[in-house]
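Report on the structure given below.
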Amino acid sequence: MSMRTTLALATLRRHPARTVLAVLGIAVAAALLLDMVMLATGMRESFRSLLLTRGYQLRVSPKGTLPFDSEATIDGATAIVEALRANPDIKAVSPSLGTTLALPSQAFPSVFTLGLEADVQGDYVLEAGRDMPGPRNGAAAAIPLPAVVNRMFLVRSGRKLGDTLTVAAGIDAQLRTTARSRVVVLAGEGRFFYVPAETPVMALPLQEVRTLLGAEYRDRISLAMAESRKGDSVSVEAVRSWIAASQPRVTAISTETAIRQVEERLSYFRQLAFVLGAISLGIGFLLVATLVTLSVNERRGEIAVLRAIGTQKGGVLRQVFLEGFLLSSAGIAGGLLLGLVTARWLNGILRDFPGLPAAFDFFLWSPEAAWQSLALLLISGTLAGLLPAWRAASIPIVRSLREDAVG
Amino acid sequence: MGDAEVHAVRGIDLDIARGEFAAITGPSGCGKSTLLHLLGAIDAPSSGRVFVNGRDTAQLGDAEATAFRLRHIGFVFQRFYLMPTLSAQENVELPLAEAGLGKAARRARASELLGYVGLGDRRGHRPTQLSGGEQQRVAIARALANEPALLLADEPTGELDATTGEKLLALFGQLNRDGTTLVFVTHDSVVANSARRVIRLLDGRVASDTPRVNG
Amino acid sequence: MESIPVRLIRMAAVVVALAAAPLSAPLAAQGDTALSPTYGRTPPAYRGIAIDARMAEDFGLRPGSLARLSGKPGETGDTVRIAAVFERKADPAEVARREYRIRTHLDHLQGLLGLDDRVDRFAVGVPDGVPVDSAVARINHVAFGFRAHKSADVAVQSSRTFRVVERFHRAIGLITVVASAVFLLCLLLLSVEERRRDIAALRLMGIAQGTIIRSIVIEAAVVSVIGSVIGAGIGWVSSLIVNAHFQQVYRTPLLFALLTPEIFAFATLTSLVLGIGAGAAAAWRLVRTPPLTLLGR
């Protein structure tokens, strides 16, 4: 260890209570900064990974609407889906129809239902049991009809996999009758990416849902997800443009556009993150600057002696600078750990937002976020020692020797 | 001092030869410490020249003066001015580290110097664990670290009792016999008489300059 | 706050397509000269709608302006007159959603959407003196397939977004208070320790430990209070800036930051307690140290 580091560490150890408090203060500031950086970047990245979970980069929704933003549906869906699938630049298309089906005689009266094609669906991953049948392997003949539900459905209904129940549509509230019903078996449990965790959800074959909803829905979907064969942004945008041009009754948005729109809705948190991040940087800066300044003031005599025995101004400057650097480093190390803990806590609070997809996080850990906040605070803390370091180096030797008593 | 201009020393014309052992004495405020600071390139004269080892230190810039002090001047202060957070060994190593000496070499040299001043077994002690006399010896060892041409001491026995002070003066004598050029400042004429030359200042001027035969 | 890809399907969500270029000339301007082909004829009675202030500003609409309203994209729809412009209530749950809102007569909207005789819900007013719970029970008993809910219960559900934001703000506030407390403690400790020699000199003069501690504590208390007042001033100015900024960004009268007497009292009390505590602790440590040690002897 160099003499400079030895002296710097010894100086910090000289007043342990003071040093510990300062390190604690910097740690809290570092934790807050890390959290704000994670918040600023986490929402976007979490949403991006959510949208790209199954590889679908494009969403096709009724004209003028956003995916599942309204009850609007796309008519003539079969022709549109076939046209999309015929495009050699499109690898896969997953149509879906969202609706609410009644659950007669169950613990809760209705369930949000997704009509999907099992072989291309990108809405859930099967975690237990078996999947529902695909469109080409005789779904209509299966009685009871296999359904995939989420954990919340099982918990709230008190059911388990293998149980059967009846789902219905076309409810007449006054006569308490339904137009069409079907017996389904809870075949599998899935983790649904885009549905809030607290919402019970059921997935059924698309054609079956259409049949339940009646003739009006025979050729309708709520949304189609499309995957471009080439994943680069230029190719995806080219496919999006082609869809927009060839299918005037729909709106196609890419992942980036969707992210931008979500960011706009959640922009309050990004701005809050920026403001709080700046404040925590300021706190860390002030703390280090104050501590180093007071430390230098206390040691004027010592510093004058260092100069008297032959230490250059630059050497004194580096010495004091090093103290600020060591202080900041110790605080940052603790702050990173503390930041992860508080991020988990804050994420838990914000995850309570109603209607939030189960897989969405506000605070997302990434090495980039850590490095960013670490670098910011380290630079800030080290710079904070700059002015007191310069003042220390400029201490008049004779006057200081005369004024200060050092034992 | 403050806003008032004070001529601490005026019209001083001195020659101190290599190997000399000189004491600068005089009443309080006569300019002793100022003269020492001028000799040690800590301060610069408003007019005149100061030659040390053939170099006019009055013309040196801050960085050059600092470098000069590091290599050619050793300072011992009345209040020792040791780094309280470092051990005796580390205090002596300070100027060696500044001079760029490697760790092993500095350690060896510091041990040698502490042994020379009789503190070989106290290397790891902090200043607060040493007596006044011991602290002053560490300060002397530090001052000798880079083999300076000139050792300057400002009231070196000021904080010490009479017995300890005598021992310290004996060490100074030994240093001088071993070849170190020594100049120290004291207000005590008895202490001054331990040197071989006594320069007496009065109101910033040399009042008398007397070689001592039995110094 | 709702995510884009998925939203729970609401009953009777309104899909409104508004023509991009509203018909600009107010009807009164037509047929106002003898040469106009419509001179003397009664202008057609367009249905009136009310639009929100944001929409009026963005599209340059005002009462009397004409626009086209349809239930589905691509449909011709009806020509309507802007009868009123309303200010939307400051709802935190909707502040970030940059939507436009319009109000129409019920039968008009039913006609546009082809909903026949359908509504989302009824709002029921209960006469004074009638307990709401008994009205709810009676409705639920007699009506087939309907459920009545108290407005207060509905408000609890719909304010969930706001409550989450509130909890988040409290959590951030707690972290900030902790950071500020540590900062304050550190500074006060430093400022007291910086005066170790003064304290040593006082002790050597014969001043009692208690007197020294008291004077330092009083000083720390005064510094804390003055600092709090200045901090409150800075906080108040900051809240003005924050509110101005977010009100402009989200085009809402909502207040995002508010400095209340309770908050000021909390901040002042906290810093006072911390200041006195830190001052007392540091002073206690110093008066217990021998004066000569403080002087470095």
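Letters are used for the chains, namely A, B and C, taken in the order the chains are written, and counting of residues starts over at 1 for each.
Following the convention adopted for this analysis, a residue touches a chain if its C-beta (ideal position, glycine included) is under 8 Å from a C-beta of that chain, and two chains touch if they have at least 3 such contacts.
This is a predicted model, so every value here is computed, not measured.
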Quick one: which pair of chains has the most contacts? A-C
Farthest from chain A by Cα centre, which chain is it? Let me know. B
Geometric centre distance via CA averages, chain C-chain B, whole Å: 71
With chain centres defined as C-alpha means, what is the inter-centre distance between chain A and chain C in Å? 23
Averaging only over C-alpha atoms, locate the centres of chain A and chain B and give their separation in whole Å. 66
Spell out, as numbers or ranges, the residues of chain A touching 2 or more other chains. 405-407
Which stretch or stretches of chain B touch chain A in the complex? 37, 40, 42-43, 62-63, 66-67, 69-71, 73, 75, 77, 79-86, 90, 93-95, 97-99, 106, 127-128, 142-143, 146
Name, in rising order, each residue of chain A that touches chain C in their complex. 15, 17-18, 21-22, 24-25, 28-29, 31-32, 51, 59, 62-72, 98-100, 112, 171-176, 194-196, 199, 223, 249, 258, 261-262, 264-268, 271-272, 275-276, 279-280, 283, 286-287, 290-291, 294, 297-298, 342, 345-346, 349-350, 352-357, 360, 405-407
The chain C residues in contact with chain A across the complex are 1-10, 13, 15, 17, 72-74, 95-98, 144-146, 160-161, 164, 167-168, 171-172, 175-176, 178-180, 182-183, 185-187, 189-191, 193-194, 242, 246, 249-250, 295-297
Listed in rising order, chain A residues that touch chain B in their complex are 2-4, 6-7, 10-11, 13-14, 301-302, 305-313, 315, 397-398, 401, 405-407
